[in-house]
């Protein structure tokens, strides 16, 4: 099945292929009366845009968004918001060789197995280009949760982590890695340059923190806030793992170590720690919501990898197109967008039931 | 919002509280004509049942399932299958003290923040008792995917991992930990006993492998097989992390290391490795589907933890009820059930679109 | 497919067959804190219950409802409310003859064509007994919309209509037909008695009016209030037509005749007429919401009808079970329940988006 | 709430306002491999297009559709199909006067009551222009059900019905009314001309018959084929009533008259009649699926109607824009489209559960 809609009451549907004329998103269920123009969306698309530094793919896309519906006299009307982004830099010839060969690590074989054939140009629908639609939709979602401040950053590249002691939120936008640790950013320059020059690629871990989420958002049992975040993040291209709060680290703690002790505060409880990542029983506790997301290394590499062609014969794949040496970097604004979309949906869901 | 239905075409809805008269599940969309009786479900409930060894809670529940609808003359009719499990061992008095105090790490505070009040007896709806309903529903789902063999096991307790070299699938049912490494199982006896006697608790990591999943199941973009698995697993009580294939480990590999090279095989491609955990682009590749799930340590511990009461005053919580020293153990059959439910749903979804 | 859930945020799932051990409903998404006990539900079930007069089937069912979850200390907790009604008067032998023959007008053949076999006892899942679950769920929905007053009544039996000039709301509960026109009720006694004695059956039209619905409920474009009502009503057993406001009559009016002129009123606009039945553009206008529902005559009749058996051979069907001579009568409380369920869902949906 | 998606597995989402830059639809879940180009869609849009005769609105729209995604090398890929139709003939000035006044019978007041303000140009989202998106989506759905032949026609205008004895399917496309009765078509010319010249409007009844639907499509209990058709049709602009088969007429029949007797046939049962309209228990029987849809007269008329303005003051509305004297005429291709969309969805749903 094809299932291109996400969300329960604030829903968005995306469409489009890497090398078609355009991609887009339709955001449905947005509250009326919110001030919205292209200028509210474009900065987030620019943050994700390729070609911003030598550390991301050199494909050049303007990624200029147009709002085709749902806004009147500068405000959302409550009707569906159609967002359109034209594809402008398509070099389909880059992909002609691989029309008949399956790139290991990519969705080529899986799409063919499912659908019988595929739009092979740039990965078609399975291209990470689709995430631009998410970022555009996420920009709308942010307007629905103005009380929330979302911050994502890269915490690890190629196994080299940031030092929490060096954490500086202001540093995040001052380097091409969304890195909050200036020293790590400097190390990563060398690391990613090396991979880039070698035609290799690196994995990354992205963290995302949402502050200002009030206690009470979430929908037990099968639309838990953490479950929906897990789905939202795991569905991003190249993601292989999701943690809430301490995540896998929690599995190595004792009950005493993991306890988030509470004490009286003036605005609800104070928590001595946030091992839980701001979610208990699938419902927000008022603490920061913390998610960690693992991106695998880009599958497109210059080193030849053994593979097969569409007829089942042995083949060798060596990707020559323009690719990200570390897809996690450009994944950072996508993680932020998905966080915004999940939180906005749950804010409205909570209001539906609890007023 | 309350959202107690999971799935897209094969859907199940669960209901019930820890200390109400019963809990249950309604499974909808099951194909007709499958042989089904209580005997097909009971063994899975028995595997999850409390009180099987000294390493799990001593609460005694028969967990006897009754099929109330959807089966006629021993076969599913295609109409909803209502499954009911009576609660038999309720000691509500165990919980009377905590009616007004929030247990750190539990959903008590979050439920109150959301709903204004809560059924505090045994955690009410947020109790892990709900997972019995999932296991019952999962037993039905297994019948929908007879081509798939699902195996879950505990891979780590309290930071002590199994040794892959010792892996023995037959060992899993021979120890009270669902442990495939006999040596590790022996170590864990000491570990869990110590935690149990100290009134402490331990986290765990559960792995689940599904073999026989054909290439082509999954629903890009927002119902990807891995995204649905992530949602399914993250929604289990006490789960804080989910990985597909190499998961967070993949973030530390290079593109070359992570490549799952392919070669011609007699039944589709052969893969040299399975870093991807059997899923690419959200669609199964025909390799084993591999999921890893992190369980935090049980939040109920004897050591007093600082907390607050419903009026916002400081309080101290020391849990005296009967609890699991390591909730991941009994989580293992739940992980299997959720795997079965996701795969069965995707098999039907795939058939819907692709015939 | 089997799809036994209705609603978008306030959802209910029903299960159970006519001759299984029980039937039931799970209501999910109900706001917390509402006072609810079996006594709030039972009167509505009693109103639908068979055997209340000689004009309905003589099957005797206590239709006693039990609340199994979602209520604590007399109030809804916001978690799923499981409602169970035991089947007590099953005479499966009545149906043994028709196990292999398709009753014309019934779902027998269609179920077999779809599922390959069927639970033939009393129609199994296709029995109107399922509507008891709707009525129970509807009683919960009523608590969600206390501002709304719902009144359904039979407006026509066997082609004999009430006279609007005789309309007396108080009369509705004073006769066994839910008839607001005492004179018509008297005529219907003869009409229905005649059909009953002849083993024949009659159709009916039920009208339902909901007062107090504020302007603004409804969800354009594909969850319009009228579209959801149409779906809700058309899905009731034996229903073949649904009208909103003037319905098919509106197709015979001119634009001038059909105009619902507005004038200033102290609480929003005054309307000179209500041809639209309280809904414009799929959204409530603040006027009474008016729905008309056509019930076909019961298909079970004593006169033999030509049919076929499961092997495709000619057969003759003559229904000897206990049946309603006019199923529309007992459909009246079901229509009310579906109205309540749709309105409650839309109240919450509206609150989700518009606060 | 805003809810612009229809369908369960074959789903489509529409967006766009009457006077925005464009409108469109995203069709998701379409099976892969179907031959599809704009030429498969355009004829259906042309059939609905305004300005085809003097009996419809003189607004001139090219209604040229573009496929932006989901098709590769002339075939559907299984990914979402984005369809875009530019708005070319917008005379917003026609509507400037009514920005502050509510047109009776239109959604103006309801939208304002719901959303606080509205895009008043041409009715914004509530304009019947939205139905072009449905027609485009419906053209895709037709490809999913090639075994089905769908035929809709106008059966009544202004209370003047066709004579079944004159029924000639070939006549439908030979007159500007989609009328299968040449004599009636001639009478309607006078009738509609008169209304048009008087600035008045007329209602209509559209019938739609789908032949070739196999027995077994439909999803009891809450996605019955007839319930979904009722929702699909009632949600079309100006529709106030829906009947399946004999509809309200069935309420005036006896059980004997209404029985659709069956006899052995070479391809399944033969039915002596089709009072049921091809659906029993919510499941198709193999007979033609028959739906009747009542359209109210266009609310836009030249005769002044009393109304109120946004501030609640008395006002008078006299619509001077270009409008259809009988909106049911152009509704005919929309009814066909919705029939195709419901049937295609149910074909896939049936395949999901029953293989």
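For clarity, chains are labelled A, B, C and D in written order, and residue numbers in each chain start from 1.
Throughout what follows, a contact is a pair of C-beta atoms (placed from the backbone, for glycine too) under 8 Å apart; a residue touches a chain by one contact, two chains touch by 3 or more.
Since we're looking at a predicted model, the values are computed, not measured.
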**Fill in**
Joint neighbours (chain B and chain C) are A, D
**Prompt:** Comparing C-D against A-C, which pair counts more contacting C-beta pairs?
**Reply:** C-D
**Request:** Starting from the Cα centroid of chain A, hunt down the chain whose centroid lies farthest away.
**Result:** C
**Distance between chain centroids, defined by C-alpha means - chain A, chain C (Å)** = 46
**Item:** Between chain C and chain D, centroid-to-centroid distance (C-alpha), Å
**Value:** 26
**Prompt:** Which chain A residues touch at least two other chains?
**Reply:** 1-5, 9, 14, 29-30, 32, 78-79, 114-116, 125, 220, 349, 352-354
**Request:** Spell out the residues on chain B that touch chain A in their complex, using ranges where they run on.
**Result:** 1-6, 8, 14, 102, 104-107, 109-111, 113-116, 125-126, 130, 156, 158-159, 195, 200-205, 214-224, 226-235, 237, 240-248, 250-264, 268-269, 272, 275-277, 279-286, 294-301, 303, 305-308, 312-314, 328, 346, 349-350, 352-354
**Prompt:** Along chain A, where are the residues that touch chain C in the complex?
**Reply:** 9, 29-32, 78-79, 220, 348-349, 351-355
**Message:** Which residues of chain D touch chain A once you look at their complex with the stated criterion?
**Reply:** 1-5, 9, 11, 13-17, 20-24, 26, 28-30, 32-33, 66, 68-70, 72, 75, 77-82, 114-119, 124-125
